[in-house]
Structures are given as C-alpha cells and as structure tokens.
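Presented sequentially are two complexes of chain A, the first with chain B as partner and the second with chain C.
Presenting the complex of A and B:
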C-alpha cells in the first residue's frame, strides 16, 4: 500500500492546498482521484510521488514511512513509484530519441536490460523509437512516458491526468496498458482525472477531493 | 465534387466554403529527399450561420494545419491547393489573398480565433480589460468603452474580473477573455482551435455552451477538437478527419447515433461509455500517406475492422454522398 495520512501541503506560505487529507493506494488495483481544477489533485500526486515534502502528515510505501523527499528520498522508495504527467512534451528531454526516453531510468540506475518487451507493450514500433519528441504526436510521446514510468517495474504508478490531452482511441489504449500492468504485476495505480466518466469505467474505487 | 456539411443545401448561404483544400509541407531535400508531409488532403466543408461544425480527429491528423491555412498563418514551406472562400463581411479567397487583406479584413474581422490554452495566449503584463480595450480600439474604433463591458457580460465574465492580470485568472476565466477577444469585431466565423485543453469537465461544458450560444446569435463556429464528448455537447454538424483527409461529414446527431466510417465508429467505441476499445494500430505517418493510398486504396485500411453491412474499401478516398451525409471509401451500398 502507498498511503498518505493527514497530508497538509501547499506552495505558498500559509496557503494550504491540501488540508489534512488521507489517500490510500492499495496494490493490485486502480484507485481513482477526482475533483475540479485547482482542488489539489496534482499536489497529491507530487506528495505521493515523493516529489514534494508535505508540511504535515506522513507518506508510507509498503508500511515504511518516508523520511526524505525529492533527491533525499532513498532510491528504493523513489523507484517503487512511477509517474506519468498530463503533458508529455515538457516531461521529456527534446534531444533524446523515444528509445532513450524509455531507457533513461535503466541507464540512470546502472541497469542494462532490453526494453523491447516494454516498448511493444506500450505500443511503440521500432520506427517510432528512433524518432525524437518533435517528430511524434502527443499520443505517441505519452506512450513513451508511460514506458519510462514502467521501466523499473514500479510497485505503484501515479497517472496524473495521463490522458487529458489524448484522443479517445489513445486514451483507451493507454488505460489498457496500465490495466495489464495491474493484472500481471499487481501494480497499485492512482489514476487522477477530472473526467468522471473515465474514472467510473477505469477505477474500482474513486476518491473525491 | 459537391462541398458539404450535411445541412440542407437550401438552408442558407455559407459563411465559409472549403473546396478540395490541400496543404503539403516540403521537407528539406538534404534530410529526406523528395519527401513531403501531407497535412490536409482535399478537404471540402461548408460552414453556415448558426451552426457549430466540429472537426474531430486524433492529434497530428491535420486539424490545426487546416485552421492555420484559413488564417494565412502557414509556414513558408507549405504548399496550398484548392480553395477556401470566406463570404462575409466581403468575399475573400483566403488561399490567394495577399497578407494585407488577411491582416486587414480576415483575422479578427472575418474570422475570430479562440486559441488553444487561453492563459498563455494573453499578454501577461496587462490586465484583461487593457487587452480587450486595445482590440476594441483597433477593430471597432467607433465603439466606446461600453463595448468592453458588454463583451465581458456576453461571455459570462463579471465586469470586475476584467481588472485582473492573466496569471490571476483561472483557466476558465482566461478562456472567456479569449472568447470575448475573438468576438470584438463580431466576426461571421469563429474558429475555436482546441479551446478546452487543460480545462476540467464543468469548464469544458461551459466553454462549449458559450460557443453554442455564439452560433445561436448567428455566427458560424468551426470547432476543432479531439474531445468527442465536448463536440457531442454542442456540435450541429461533425466532420471527422483521419490522416489528413476528412472521412465523414454529417449532422452531429446522426453521426453519433450511427457512424458510417469505421474510423468514426472506432472513435466512438473507444469512449469510456462506448466500450473503451482502442482502435488497433497507430495512425500513419503523414509522410507515408501517398504510398499507403497507392498500395491499400485508403489510409485507414490497415486499422480497419471488418464492418458488417459495409462494402469493402473501394480504394476511392473521395467523399461519397448518401442520404444527405458524406463518407469516404467505406460507403454503404
């Protein structure tokens, strides 16, 4: 279980975006998180993804309370959680090929494993993998971002509006990739979206803030 | 070929008529010899007053290039063929018009643009009021400052919201300021290019309702979007674009209830409420379209599930009329 308890967090001093909320992301299931723009959904993603230290409350990964956030988070905890963001373009290095984008987490952790099974799973062909971000569509780039998030086989995956910019067919395709990950590897998924129809279909349980 | 929207041809004169509009980008011969990107191929459409025509399709299918072509905003390596005629206020051939006409009569006056991502479209260092007032001075010098307040009210902004700078506006408010800016000169055509990117569902619905309201006041709205649910809420007519071609055109209700082209049907089946089934495969690369059409007859064949009751692909990508609707290749017989 990836969980946050009594989370208080924000950006500007004195203005709390999250006001003591609890979030539980169990393994092997898709948990939805819904709410209107500006309600703090993405802040939940940042805190549970260990990218931002909450002002109060605690985050725990499989029962271990997280002490360090951002660069001071221990590697074992950081790599246990994968993230996919709404906008794929600012989320990748424009100089990388899609192959390099997907393989980056492996390179950074000193592992050299083939990524072909992974890239096939997210639906990227060899021809697409040779291209750079400016030569592919948002949907194809988001496939690479999902592949990157899955490269280290994380136990938890946070999808922060992963499909908000995508057309219906690519949305359905990426949701299917994530679902397969849940079934085959028992990954716990937090699916954040403002699209209630999507979450109703995708997530077993939907939290609202 | 007859141009089409699916609306009754006798209904009213069009505001905008596209006749076999094509846009190609020539790639640098050093990098990819002889290759060209087909962004728009033989697009024919009519936009009439009071209608919302939604141009839907996945990202990269050529929708936004079509919008840029109408505003004369294509890069220098673009080659445009075909015609796009704007009928009001004065008839203009958009493709051959000189820049002075495009700048003086088309952008803002004939065609108002509602941009993608409104908050970054606005000047960050000036208030919403200052920007609206500037547009009013430039486009409607005879109108007074009251027009600014009236436009704000028309798009659902409070007059005091106008005193804010763009970073102080929410995404929805910035979107309304952008719509107000597009309406300053009361342009016959409002072109909304993915106007709901990054907005949540209630704001998407609200933006759509405002575009519908704009059409009811007599404007013609061309709504470019990948969001089928948004299009469904407000569109009177739908044109579906795939790999640079418009593959199906017709009244919105009929297309959503009974799509003819397998691509349209696939998109509807991919919606969460439609079954959540992705269309297999990827859209083709736009540099490969010519080869695909030569070898397969049409660009969708490789992803096409067998559609019961439909003729096999005729290899003819032209739109075929059938009962007031138009569909490419996979026409019912």
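Presenting the complex of A and C:
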C-alpha cells in the first residue's frame, strides 16, 4: 500500500494546493484519481512519487513512513514508485535517444541488462529507439516514458494524466500495458485524469478531489 | 530581435572573420619558422620604415617587425586560448556545482564569484603576475583566475532553469544520484554555452595578456608577444617610427575582431535568446 495521510502541500508560501487529503493506492489494482484542472491532482502525484515534500501529513510506502523526498529519499523507496507524466516532451532529456531514455533507470542503479523485453512490451521498435525526442511523436515518446517508469519493476506506478496528450488507439495500448503490469506483477497503480469516463472503465475505484 | 545582424550581413561577417582568422593564423604558423623568430638583431638596419625587404619595417634593434609581430601573435593567441579554456572549465565546474547543489554551497560559491568580480580584473591580474614575475604560467593563471566568474554565472543560471524540468524529476524517480544527474543531464546541457564562452573569452584574454606585457608584467622578453612588442615600440614612436605601434596593433585588432565575429555568429545561431548575457 502506497498511502498519503492528511497531505497539505503547495508551491507558494501560504497557498496550499492540497488541503489535508488522504490517498490510498493498494497493490494489485488500479485506483483512479479524478478532479477538475487545478485541483491538485498533479501535486498528489508529485508528493506520492516522493518528488515534493508535503507541508504536513505523511507518506508511507508498504508501511514505512517516508522522511526524505527527492534525493533525500532512499533509492529503494524512490525506485519503488514509477512515474509517468502528462507531457512526455519536457519529461525526457532532449539529448537522449529513446534507448537511453528507457535504459537510464537501469544504468543509474548500476544494472547492465538489455531493455528489449521492456521496449517490446510498450511497443517501441529498434528503429524508434535510435531516434531522439524531436524525431518522434508524443505517443511514441510517451511509450518510452512508460517503459522508463517500468524499467525498475516498481511496486507502484503513478500515471499523471498519462493519456491526455494521446490519440485513442495509443491510449488503449498504454492502458493495456499498465493493466498487464497489474495482473502479472501485482503493481499498484494510481491513474490520475480529468477524464472520468476513462477512469470509470479503467479503475476499480475512483477517488475524487 | 533588435540589433541582431541578419542575412547577408551575418554571412559577410562570418566569411570576413573566417578569412581573416585563417590568413592570420596560417601566417603566424608558417612565417616565423621560415624566417627565424624575428629575434636576430641587426644594428645596421635599425628602425627602417616599411618597404619591400621589411613589409612592417624594423624595430629599434633592427629586427624584422613583420616576422616578429607574427611570432608575437602566435604566443599571444596560445596564451589566450589556454587561459580561456582553463577559465571556462573552472567557471563551468563552479557554475554546475552551485546550480546543482543549491542551498549554502550555492550561496558560498556565488559570493566567491562576487568577490572576484568586485575587484577590477586587470588589477587582480597585476597582483597575481607581480608575485611570479616573468612566468608564462602566472600570466595564464592571472587571466584564468579573473575570468571564470562570468562563465560560472552563465552556467549556474542555465543549471537553475534545468533543475525545474520534469526530466530531472523523472531521473530522481529512476534512482539517479545527485552526481549522476549532474553529469548525465546538467553537464551535457551546458557544454555548448561553455564552449561558446571559451571562444568569446579568447579575444578578451588576448587583450589582457597584451595589457600585462605592455606594462612589462607579462611574458618574458625572449617570448615576446604583441604586448611586449608594443611596449618596446612605445618610446620609438617619439623618434618617428610610427610603424612600430601601427602594424602590431592592426594585427592584434584584426585577429581579435575575427575571433569575435565568428563567436558572435555562432552565438546567434546556437543561443539566440541569450545574446546579451554572453557579451563578455
């Protein structure tokens, strides 16, 4: 269980975007998080992804309370949670090839294993892997981002508006990839979207903020 | 966009600069080895005006000024290039460290930058070279140690803007250590800016070295640079030997303008929006 209790967080002093909310992401299923634009869905993602320290409240991963965020979080805790962001383009280093994008988490944690199984899973061809971000579409880039998020086999996966920039068929394909991850590895998924219809179909339970 | 040269003017500047630089550098490389380094003294040919035998004339010791100027330029450019590179590497290291680490290390490093910038560069340079008179390394260090601060500022601001990018979040989430984020994401991103700074620094470093040598604090006499030549020629002007100042100066101006012209074209192409920051 990845959970946040009584989360209060924001960016500017005195302006809290999250006002004491509770979120629970159990393992082995997809939990939806819905809400209008600007309500703090992405902030929930950043806090639960250990990328932003909440002003109040606590985050725990499988029962362990987190006390450091970003680089201060232990690597094992950080890598237990995969992140996919809404916009794929700013989420990848423009100097990397797609191959480097997907392989980077493995290399960063000192592993040299090949990534072919991973890229096949998210539907990237060898030819696409040689290209750089400006040479591929948003959909292809988002596939690479999902591959990167799954590279370390995280126990939890946070998809922050993963499909907002994508067409229907790519959306369906990426949702299938995530679903398979849930079935085969018991991954706990937090699917964030403003598209309630998508969440109704995809998630077993939908939280609203 | 205001004030930026466009189209035909950019091309004219680029080709004019490239042509001048290639010509001057080739001359500086080929001429001195062929005609001796211009250091042979001929007392029978003192202060000859420019002519066929001596295109730039001769100096107060009868040395051919054409050869001597080119040999001097070679030394000036070498010293300047090394100083510029050392200074850029130092500045980039400090800038990346300050930007990436943030917090008190950032504040400490940036106060060091302020301290270096607070003292006039030439004055600080003079202090450094006067501690080690006549040492080439001291001249290079005095230029490098006074000019890294500007590069550090540019690089730091670049890193600060990179730090907020989502791909850095993704890297942290993917288990990357601080050091790995630094060398996988920050360093490659600032290399073009840093390389450009180095080239922009070269003309400036040439002038600094010239100023130090002109004041007699720079290179030792047996490694005469343009600055030494100008310093030696200073008194001879009063005897009517105008060519002793004119030709070496023209050579210096042409070379530095050519390097600046190339760097300016490169800058407009690589980082159009950072025009003002990079005018060193």
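Everything below uses one rule, namely that the second predicted complex is superposed on the first by the 209 of 209 C-alpha atoms of A that agree within 3 Å, B and C clash if a C-alpha of one lies under 4 Å from a C-alpha of the other, contacts with A are read in each partner's own complex, and residues count from 1 in each chain.
In this text, a residue touches a chain if its C-beta (ideal position, glycine included) is under 8 Å from a C-beta of that chain, and two chains touch if they have at least 3 such contacts.
These numbers were taken from a predicted model, which means no experiment stands behind them.
Visitor: Please tell me, clash or fit, for chain B and chain C sharing chain A in the overlay.
Guide: fit
Visitor: Quick one: classify A:53 as touching chain B (first), chain C (second), both or neither.
Guide: It touches nothing on chain B or chain C.
Visitor: Pick one for A:166: touches chain B only (first), chain C only (second), both, or neither.
Guide: first
Visitor: Quick check on the superposed pair: does A:198 touch chain B, chain C, both, or neither? Answer first, second, both or neither.
Guide: The first partner, chain B, only.
Visitor: Between chain B and chain C, whom does A:137 touch in the aligned arrangement: first, second, both, or neither?
Guide: A:137 contacts chain B only, not chain C.
Visitor: Roughly what angle, nearest 10 degrees, sits at the C-alpha centre of chain A between those of chain B and chain C?
Guide: 80
Visitor: Would you sort A:185 into first (chain B), second (chain C), both or neither based on which partner it touches?
Guide: neither
Visitor: Could you tell me if A:29 is touching chain B, chain C, both of them or neither one (first, second, both, neither)?
Guide: Once the two structures are laid over each other on A, A:29 reaches no partner at all.
Visitor: Once the shared chain is lined up, is A:176 touching chain B (first), chain C (second), both, or neither of them?
Guide: first
Visitor: Which of the two partners, first being chain B and second being chain C, lies in contact with A:81: first, second, both, or neither?
Guide: second
Visitor: Note down the smallest distance between any C-alpha of chain B and any C-alpha of chain C in the overlay, whole angstrom.
Guide: Shortest inter-chain C-alpha distance (chain B to chain C): 15 Å.
Visitor: So in the complex, the part of chain B that touches chain A is made up of which residues?
Guide: By the definition above, chain B touches chain A via 57-60, 170-172, 197-203, 226, 228-229, 266-268, 270-274, 276-279, 282-283.
Visitor: Considering the complex alone, what residue numbers of chain A touch chain C?
Guide: For this pair, the touching residues of chain A are 46, 49-51, 70-71, 75, 78-79, 81-83, 85, 87, 90-93, 95, 104-105, 108-109, 145, 148-149, 151-152.
Visitor: For the complex, which residues does chain C have touching chain A?
Guide: 165-167, 169-178, 180, 184-185, 188-189
Visitor: Residues of chain A touching chain B in their complex?
Guide: So the residues of chain A touching chain B come out as 36-38, 86, 123, 125, 128, 137-140, 164-173, 175-176, 194-198, 200-202.
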